[in-house]
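Paired with subunit B in one complex and with subunit C in the other, subunit A is shared by the two complexes that follow.
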Partner chain A sequence: MPSRRRTLLKVIILGDSGVGKTSLMNQYVNKKFSNQYKATIGADFLTKEVQFEDRLFTLQIWDTAGQERFQSLGVAFYRGADCCVLVYDVNSMKSFDNLNNWREEFLIQASPSDPDNFPFVVLGNKIDVDGGNSRVVSEKKARAWCASKGNIPYFETSAKEGINVEEAFQCIAKNALKSGEEEEIYLPDTIDVGNSSQPRSSGCEC
Partner chain B sequence: MVPPMEPKIKAWHGSKLYDGLVSCSAFAFFYVLLCLSMQYIFLLKGRSIPGKVLLTRRADPIDDLSTPERSPTFGRSFSESDTGTSDHVQNPMEVEDPSTGKSNNGNVNKLKSSTSNIENTSKEAHKSPIGTRATDSARVTKFTKELSAPTVILERLRELAWSGVPPYMRPTVWRLLLMANANLSFLKLYPLQNGANMGYAPPNSDRREGVLRRKRLEYFDCVAQFYDIPDTERSDDEINMLRQIAVDCPRTVPDVTFFQQVQVQKSLERILYTWAIRHPASGYVQGINDLVTPFLVVFLSEYLEGSVDDWSIANITPEKISDIEADCYWCLSKLLDGMQDHYTFAQPGIQRLVFKLKELVRRIDVLRFSNMMVICLVVKLMMDPLVTPLKAHL
Partner chain C sequence: MMLSGDEDEEKWLAEGIAGVQHNAFYMHRALDSNNLREALKYSAQMLSELRTSKLSPHKYYELYMRAFDELRKLEMFFKDESRHGVSIIDLYELVQHAGNILPRLYLLCTVGSVYIKSKEAPAKEVLKDLVEMCRGVQHPIRGLFLRSYLAQVSRDKLPDIGSEYERDAETVMDAVEFVLQNFTEMNKLWVRMQHQGPGRVREKREKERNELRDLVGKNLHVLSQIEGVDLEMYKENVLPRVLEQVVNCKDELAQYYLMDCIIQVFPDEYHLQTLETLLGACPQLQPTVDIKTVLSRLMDRLSNYAVSSADVLPEFLQVEAFAKLSNAIGKVIDAQVDMPIVGAISLYVSLLTFTLRVHPDRLDYVDQVLGACVKKLSSAPKLEDSRATKQVVALLSAPLDKYNDILTALTLSNYPRVMDHLDDGTNKVMAMVIIQSIMKNSTCISTAEKVEVLFELIKGLIKDLDGAAQDELDEEDFKEEQNSVARLIHMLYNDDSEEMLKIICTVRKHIMTGGPKRLPFTVPPLVFSALRLVRQLQNQDGDVAGEEEPATPKKIFQLLNQTIETLLYVPSPEMALRLYLQCAEAANDCDLEPVAYEFFTQAFMLYEEEIADSKAQVTAIHLIIGTLQRISVFGIENRDTLTHKATGYSARLLKKPDQCRAVYACSHLFWVDDQDGIKDGERVLLCLKRALRIANAAQQMANVARGSSGPVVLFVEILNKYLYFFEKGNTQITASAIQSLIELITSEMQSESTTLDPAANAFFASTKRYIEFQKKKGGAMGEKYDPINV
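Right, the complex of A and B next:
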């Protein structure tokens, strides 16, 4: 149904506390970086208009709190996501190790219709820190993990310097769009047919 | 169970808030007031910063609305119940200003002048905190005296404090009576628990010093027992919690250099960690760090002059810092006693408030209700980041 074209794409950003989720979102949407962000409480979102193949989409980016406690609220805002962005800090092994948990937690909470093909994108952030000298997670290691989870697209970013942020979100938007469109064909159509045809047919028979 | 997100949020902003049906009752007014009493009792920057961050990110109206809620409060209740003490009301604003940050000042002043110009004028007049300190000592005594009469304690003290506590009295008054608990108990939002409506310091002046000393020692013992131990003696959960706190301390009030001092951050860390260990039902939850900052600033203001921006922790003796740290810990504990379920799993306390708010908005016509403050408070609550995920239910 071309008239019911989807225009809102929902993206969730997940990752450990302090890896730079808020910074990435703000760098992408507002082209600004601040080292004065406070910890995100609960969740927050920003929207950005993106153009893709002559169509305009609203990217709704949900920035979540890194602390596990807030994941109890996950169901409410994971639901209906079109793409999930997993962020880790290349200078923190723990934040990388936790990617697996974040991914699994997301799949459980959001319960997408096709978990194996749900689009994730992984971002290794803070590559600018200390000129890369404090880095503990190698690109190779990260790419290997991404490959093992069904070839998740991977980007190395710096929210501070704005490195790769635009490219990463382009990819995120593209993947969100793909998953969003597949969903669209499946869901709204069935509901529409049921609503419009049933009353009419019963009216005729009377 | 949970409806789809996006349309519901739109529905909230677009219609429900503004299209109530029934006219407002006094209960409704007080309810909203108290949902948020915490946010404006602790006038400090802890709560104003999220608004600021939001301002730079997304929505200007949020910040506009976050400020007027306190000035009308002060203006209104001051004129009702506290005639002849205009400089008392004034003082709180003065402490607030440096801490709310310069970017907010224009905004605050603008809104203030529209609601109460008394505040502006007396603010300018008020130059010497030491001068007023002497004349206000009677007022401090009044607070203390009120507290010694058990049946009128809350009523009277709340009435006095409602119009604003002069900054230099806050350390004493806040220790004596934590308004948040008293207020919430009074309106039966929370069941009145034993001692929950009492402050950290006992109202009886004979006992106060002794109890303070004992409480402080108790805190130091806790720190020694829980915080000052090697990581090997901590469980994995405790290590994670400490790590989380260590990540958040540098991000607490990030735009005020005072809070960037190592010693201040260490105090904050000790307070938060000790509290978290002793409250395993919730543990440390992001955001609790912001609740400590008003206590820190108020108690430190006894010893540091001028604006928070110019403070240096090096100007206070280590003993005093320890005492203040302990007091902050106990005040934080007391404050959170009444709302720990805001921080436990699935945040039932917040869910309850959101559902009550939903009920309230259904019953009142927010626009027809003449008091602008109510609208501001409702909007402010809806902008609370903790509530964001719960808007799905509205």
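Right, the complex of A and C next:
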């Protein structure tokens, strides 16, 4: 069976509450930014068409709740991700320290076929705040961490000013495409032609 | 049909996934061959797997996500009319032929999203149609997921401001209507769930409902992301309608969760401008709703917002945020009669934290919060709930931490009133917190009035409170507490002597109530604090005119006399004796002979009547001699009386060596080495001779008793006294007397019965070296020493 040409790329954005996950997605997809903090509930995606090597892809970008109490249904949506974006706030050491937890949690829950080579991208966001004076995580430190985790690509971004957002998502798309994650190929035991199987159903008729 | 266990559930999930995969396979084949009819057939069969009732929300979500991913491929196929050749309008009709309603509606939503994207129909109408149609599924879990699918696929197609779907006839209001309707329907499904199934599975059902909550809450997130929802629309439309739904559903779980969602998903400035509406809903919620957590989170958010930028502060003032919050909290507490006291106090802690962060300059607000807390506390019996007392400690510590300054807290009239409601143990903990704050910040408390308030606050440490269980006191803790009080007394200070005297009187009044266990800790610092004032006054020239009762040393000494006297009843006579002597010396410096004499008299009486232990006597007599020696104020008569007594006591000590040392020490009472000092060489010599006689007697006693020598070192010590007075020019002390003393010691040391005393030998040797040194030095001193041979 010929492998299907992949046209949909699934990307998950993770990180602590308030680091700017929703803002990065909104800046990239809608070119909009709001300074107001609004928590995200559950998981939710926006799509964007991207051109890459003369082909058109749909990037499905999943924004997630940073606050655990707004993730009541679990993380079944991790499944089938082609790339995971880890975001922290360069003005918050805690959000940087937690990157490791987010990465490990993702690998456990999404269980990709080749965890060592699964594509991650790290974004250090909010570089615009206070002209960079309130920054507590240095670029060097962030890059060192990325290097230690198998050379994760790293970008310093500002969702507010739109700095590096386009570049970061270009890289995210490229890595998602290169990802070794193949769709599960399902082969039915028997191929019935014509006669449709009766759907197994239970409960009411709805 | 209940689940019999996780294993079964896993099995059902696996079956469901297999069903999805199987049908997806045929759907893919149909898509590859652009066969619309087959694609619809297999996708409907695939979606039929979502009709199961056997899965918990978590597992159902897994299954849903599988189908969801497959539907994205179908959606892309739908979009490409060239592949299936059917117009989108016809497609929208066509999918409605699916047999079962659930697959039909999933397909309809999928086509609907393509329909809107095609712009062949107004978004508003398609959305309206879809949200109405979804009413067809009334099973809670299936309905919630279906509607959440609708919310997701319509997410980027809402007619928002600046969106491509915004047209003349379509406004943001249509988007809001759509989301609100979906939200309302979902909330109904979610709330209704609790009434389904038998009562015995209630717990499990609550758990499932909890898992499903984000599906409902997500609608609020979508609302908050609609750019066109400006403050005006939020205030007039969105918030009142969401709150109406929240209040009317009368469901504890939903109310708590949705209030939290509203607070978290909408921006701070919206909350500030709609505080009245938002807070107005709180007392209408079910009495079991954990409203304190909800309000705490709101106040946390708002105070973070307030400190984020100085520009927003005027907003808080303009909307009177504090008054509104305070009012709302009061109403909630009144409305929820059954709220445990800890809940009420935590609410006040949150409000106080908010106040301190947002309005640090408004002490009246702080006091108001404390006042409200007092009111609540006084309506209940004394606090016993340990969680509640912890909250009260947090409440009282917050202003101290914020201002780093107890003085601010002292101005809060309700502060002590809150403390009155603490149990004794907590009262002490709080008192320690207060003292530590003062010490840490080196706060000087400078008026008697403040001291009064302060001691009222820490009274748990100052005296035994009613019914305090004495036997439970831990000795270590008690000492630490009292030492803290002692340190505190030194932080109470004013340069102005009148005020300082008032402070001292205030402190005295309080510590006198402390009882015998505390006085030995608290009287000494008070005495020294008063003596500091005395020394300050003594340096001032003349009295301050015009004052009614000027602070004079005389008056202070009178006060001290009475204060120290209390130690006699403790009893702690040794401490009292030391303090009397300190006072005597201070009185000497103030030139107050009768006062100094009085203190000495007190000290002597104590020595005679109260100090019985021989070691204590030795210590005391040396203290007396030392003090008396430095005192210059006494006239001949008084001085004679006192020195006579001192030498008398010395000679009556229990042990000979002690007698000897005390007596030779007395020699200094007759020879004060300054310009006007007494210089009675004859009596010096008498003392030293008397000391020698006692040393001899000690020697003989030792011989008789143990067949060994007594302490030769006494002779060496006396020799050193001889040398001192010799050098100071006491003509009674002659070179020949020294010479014979040296010989006496030499022979004593060589005598057979003398046991070896290396320390005494060394002492004697270095004394002799000193004499040699002085001889060789030449000059007047060398000449003086010349006759002495060593």
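What we mean here is this: the second predicted complex is superposed on the first by the 168 of 206 C-alpha atoms of A that agree within 3 Å, B and C clash if a C-alpha of one lies under 4 Å from a C-alpha of the other, contacts with A are read in each partner's own complex, and residues count from 1 in each chain.
Going forward, a contact is a pair of C-beta atoms (placed from the backbone, for glycine too) under 8 Å apart; a residue touches a chain by one contact, two chains touch by 3 or more.
Everything numeric in this text was worked out from a predicted model, so none of it was measured.
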Contacts of A:Phe96 with subunit B and subunit C, given as first, second, both or neither: neither
Contacts of A:Thr40 with subunit B and subunit C, given as first, second, both or neither: both
If touched residues of subunit A are counted for subunit B and for subunit C, the larger one: C
Touched partner set for A:Trp145, first subunit B, second subunit C, both or neither: neither
First, second, both or neither for A:Ala76, with subunit B first and subunit C second: both
Which of subunit B and subunit C A:Thr7 touches, first, second, both or neither: second
Partner chain(s) touched by A:Tyr28 [first = subunit B, second = subunit C, both, neither]: neither
Contact residues common to both interfaces of subunit A (with subunit B and with subunit C): 8, 26, 29, 32, 34, 36-42, 44-46, 60, 65, 67, 69-70, 72-73, 76-77, 79-80
Complex interface listing, subunit A residues touching subunit B: 8, 10, 17-18, 26, 29-30, 32, 34-46, 60, 65-67, 69-70, 72-73, 75-77, 79-80
Residue ranges of subunit A touching subunit C (in the complex, touch as defined): 4, 7-8, 22, 26, 29, 32, 34, 36-42, 44-47, 58, 60, 65, 67, 69-74, 76-77, 79-80, 184, 186-188, 196-197, 199-206
Of all residues in subunit C, those that touch subunit A in their complex: 1, 15, 19, 21-22, 24-26, 28, 41-42, 45, 48-49, 51-54, 57-58, 61-62, 64-66, 69, 72-73, 76, 100-102, 136-139, 142, 152, 155-156, 210-215, 217-218, 220-222, 224-225, 227, 260-261, 264-269
Interfacial residue positions of subunit B with respect to subunit A in the complex: 2, 4-6, 49-50, 53-54, 56-58, 244, 247-248, 251-252, 254-255, 282-283, 285-287, 289-290, 343, 345-347, 385-390, 392-393
